[in-house]
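Report on the following structure.
Naming follows writing order (A, B, C and D), and every chain is counted from residue 1.
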Amino acid sequence: MKMNKKLALVAFLCLSATYLNAQDHRFVTVNPTKPDATEFYDPEVRVVTPGAIPSDAIVLFDGKNLDNWESAKDGSAAKWDVKDGAMTVVKGAGNISTKQKFGDYQLHIEWRSPIEPETLKSQGKGNSGIFMQGMYEVQVLNSYQNRTYRNGQAGSIYKQTAPLVNATSKMGDWNVYDIIYTAPRFTVNGGIETPAYVTVIHNGIIVQNHTKIQGTTEYIGQPLNPVHGKGPISLQDHGNLVSFRNIWIREM
Amino acid sequence: MKMNKKLALVAFLCLSATYLNAQDHRFVTVNPTKPDATEFYDPEVRVVTPGAIPSDAIVLFDGKNLDNWESAKDGSAAKWDVKDGAMTVVKGAGNISTKQKFGDYQLHIEWRSPIEPETLKSQGKGNSGIFMQGMYEVQVLNSYQNRTYRNGQAGSIYKQTAPLVNATSKMGDWNVYDIIYTAPRFTVNGGIETPAYVTVIHNGIIVQNHTKIQGTTEYIGQPLNPVHGKGPISLQDHGNLVSFRNIWIREM
Amino acid sequence: MKMNKKLALVAFLCLSATYLNAQDHRFVTVNPTKPDATEFYDPEVRVVTPGAIPSDAIVLFDGKNLDNWESAKDGSAAKWDVKDGAMTVVKGAGNISTKQKFGDYQLHIEWRSPIEPETLKSQGKGNSGIFMQGMYEVQVLNSYQNRTYRNGQAGSIYKQTAPLVNATSKMGDWNVYDIIYTAPRFTVNGGIETPAYVTVIHNGIIVQNHTKIQGTTEYIGQPLNPVHGKGPISLQDHGNLVSFRNIWIREM
Amino acid sequence: MKMNKKLALVAFLCLSATYLNAQDHRFVTVNPTKPDATEFYDPEVRVVTPGAIPSDAIVLFDGKNLDNWESAKDGSAAKWDVKDGAMTVVKGAGNISTKQKFGDYQLHIEWRSPIEPETLKSQGKGNSGIFMQGMYEVQVLNSYQNRTYRNGQAGSIYKQTAPLVNATSKMGDWNVYDIIYTAPRFTVNGGIETPAYVTVIHNGIIVQNHTKIQGTTEYIGQPLNPVHGKGPISLQDHGNLVSFRNIWIREM
């Protein structure tokens, strides 16, 4: 609540005085002198019970099966491996997507790079990805003591924006991404009304702070901006045996 | 990394074709056809070791003493109570501030409402606050089954923006705020170049998503916008015995 | 209309191909292949007949009388001098304001510095001003071979933003300002939702290009941001015999 | 200059009082109490002599020849007709472009629709266009009593944004466009850093007020956003004998 009564009082007197003396400014709204002028009750804010999984979250993967997922390529059954509460890439099985599509949301997802030999380097090590609306990638990579291009390491918006810091866990340890995503809005003729934005917290550390997404995260060339509606969360099969677990989402 | 080779290839061929055929557009930069055209290595992203306290965090309160705090009023010793790893408001001791001042940062802070009788209601129950740069308040309140004005409940930017949802823990349980704060910038003549922004995650749930701070969070009247530099984190003595613990900050 | 048929065709084929091949992107809206998908007819655009005074303009001063003006101080009759189709400051008569109040608009106004001795300098020469909503000043000054602070010369947003160039007419010649003004919007609690913006064309030359107005244009100290509604156009009596003529406004 | 001494004085006293009393805010910059704290002299603002053609303008067409223009298609000589101080489309000669390329600028250009039979309608009547950086079109059309889609009439950003009003001159009369154009900026990886913006004044009437350009102005489908540098002013051969004259530009 108010910080300091004396300060508030002085400010109130001053501003009031300013306005009352300002005969030139008869069209100025007098600054409120009652606290309740700036107190708004409706609509009541919705209650969410916090916890490991918030009460309004949709669980996308609970460690048991891939019922909420499908092949990103053709909508057939998702063929990744499920074991010990985690799902793991199966080489050649391809990307998988949630069956449900989403717009704006908060996403919690955990991932783990496999133990791989030192001969694998840069983009070849623990490479996967999480695609917002199926097309904007937050990079997943074993970036622990494994240098690559800064806008391609773990926590980057792939080929766009490098993470603020490198907060990657040791190879074989789990990582957590908490992602707050705002979908782009398009004009009636197919232009961008507002771009997509994303905030990423990696292992509790902010690595993307309301970063503007410039368009699709292309391997080659500039971003594209196709018009689209809601889309799935997609996970990438990049040939490394990356695992995921504890995936839930809250629509915003 | 790249989502789908076929898609990327088609996009590449198409865009290339577009540009190559566009004789009217000789001034258009040819869209890159090599992946490395959009790969940037320098500067290397700084490493932060994640953990309960990230390796680059400044611990503001470790549960033992108030050495990093002072009276907000006059800079004298902070007179709040320290016990069992937490600090607790002492009625009349006034607000306390960090001795160190900060600009942009990520702040982790935990707070707990005291067990109070049902006769206490609305703003009278578990009221305190956390001030960014000493003047922009993220409200602390016992908002568990205790209705008040929506822009004055826990997780609100006080008297400005209500939280997206009410994620408050039960009375007597701890709450966690993870706050990502961007300080305002001012013009040479004292105007606002860019306003302050804040993201607040309450008990793991997003409640403020890059919310614009409109100015000081006044009890009465409109926000003010004094020019200022770095400022402290301040905690409010509002007469309720609210406790805080595990406070750390990462400068950005 | 379309620039080049070949280019459009190639772009069309490419984009279509991109989307049709993108099996991963079944949620992408197919890019329109018919021209009329991006043609919108309603509502019909309102017609304005152009001319020295556009057909929808409100004439604020036609050279004959000050019927549309009043004292800014107390709303009494405006006591400036009217002669030869122009109005001229009367020292001590004070600022004058339009009786009508305005929000967003296009304003046309002409002004002339009096012939004054070389001993008058800087802010002392041909000083007046035009206030948007009665509080945001576009400076009027004899800035022809008369240096002053850059953010206080003709065409500046007073004490905020200097003009892009100095396009002032010779002393005694008329100047024209074409001003496009967008009023600020405020939040329910008195914060700034969007600031005011202004574009100024001085003698046909752009000097302010969608410049953000930081708040009131104060002589001393930082800008203020009182909440207000529509306000008048005000003209300043700064003690120099500046003249104005041909004043019209179009509400937007 | 300052509006009202009493107001300024009160504001000054109030703000000073506010800050001096705010012992909680020792980190707040004291609001300046001297006028010169907000007066900036350097660098001196460049002088431009106003006139029919401002002293710093580049004349792109003075009515005599097309020396500054070339075929947009292949860079060969521009083959439009020059007569009576105007240039006129030659059907099939194709679009023409300035040889010089531009980024941000103010452009003055006049255009006239030919006298055409009533049987020609909508986009078929007096159709041409002016392309910023060769790819973003401000539509030229005989929109006098000739309805078409609102985002395709004179003064529109073609297939994007309709003009605020229809200010088109009668068929056969000259029209004036004053265009203030800000080029887009791109990120290193080919995304949009800031989009292009354009303000258009048609016959002295504002029709586009700092309108965001969404990308290329396509006949079919959504806008594209190729990366590019400076580009020419291009004029369209759409098969109607539209004329142009008095073309000058000021780089910004």
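Keep in mind that, in the parts below, a residue touches a chain if its C-beta (ideal position, glycine included) is under 8 Å from a C-beta of that chain, and two chains touch if they have at least 3 such contacts.
Everything quoted here is computed from the prediction, not taken from an experiment.
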item	value
Selected interface, C-D versus A-C, where C-beta contact pairs are more numerous	C-D
Farthest chain relative to chain D (centres taken as mean CA coordinates)	B
Approximate Å spacing (C-alpha centroids) for the pair chain C, chain D	17
Whole-Å gap separating chain B and chain C, where each centre is the average of the chain's CA atoms	38
Chain centre separation in whole Å, for chain C relative to chain A (CA means)	41
Two or more partner chains touched - positions in chain C	3-4, 11, 15, 18, 24-25, 31-32, 38, 40, 72-73, 95, 135, 151, 159, 189-190, 221-222, 224, 226-227, 234
Interface residues, chain D side, partner chain B - complex	15, 18-19, 23-29, 31-32, 38, 40, 72-75, 95, 97, 101, 133-135, 188-190, 224, 226-232, 234
Residues on chain A engaged by chain D in the complex (per definition of touch)	3-4, 6-7, 10-11, 13-15, 17-18, 21-22, 24-25, 151, 159-160, 187, 189-192, 195, 214-215, 221-223, 225-227
Chain B to chain A touching residues, read off their complex	1-4, 8, 11-12, 15, 31-35, 37-50, 54, 56, 72-73, 95, 106, 108, 123, 127, 129, 131, 135, 137, 139, 147, 149-153, 158-159, 162-167, 169, 178, 180, 182, 197, 199, 201-206, 209-210, 217-222, 224, 234, 236, 238, 250, 252
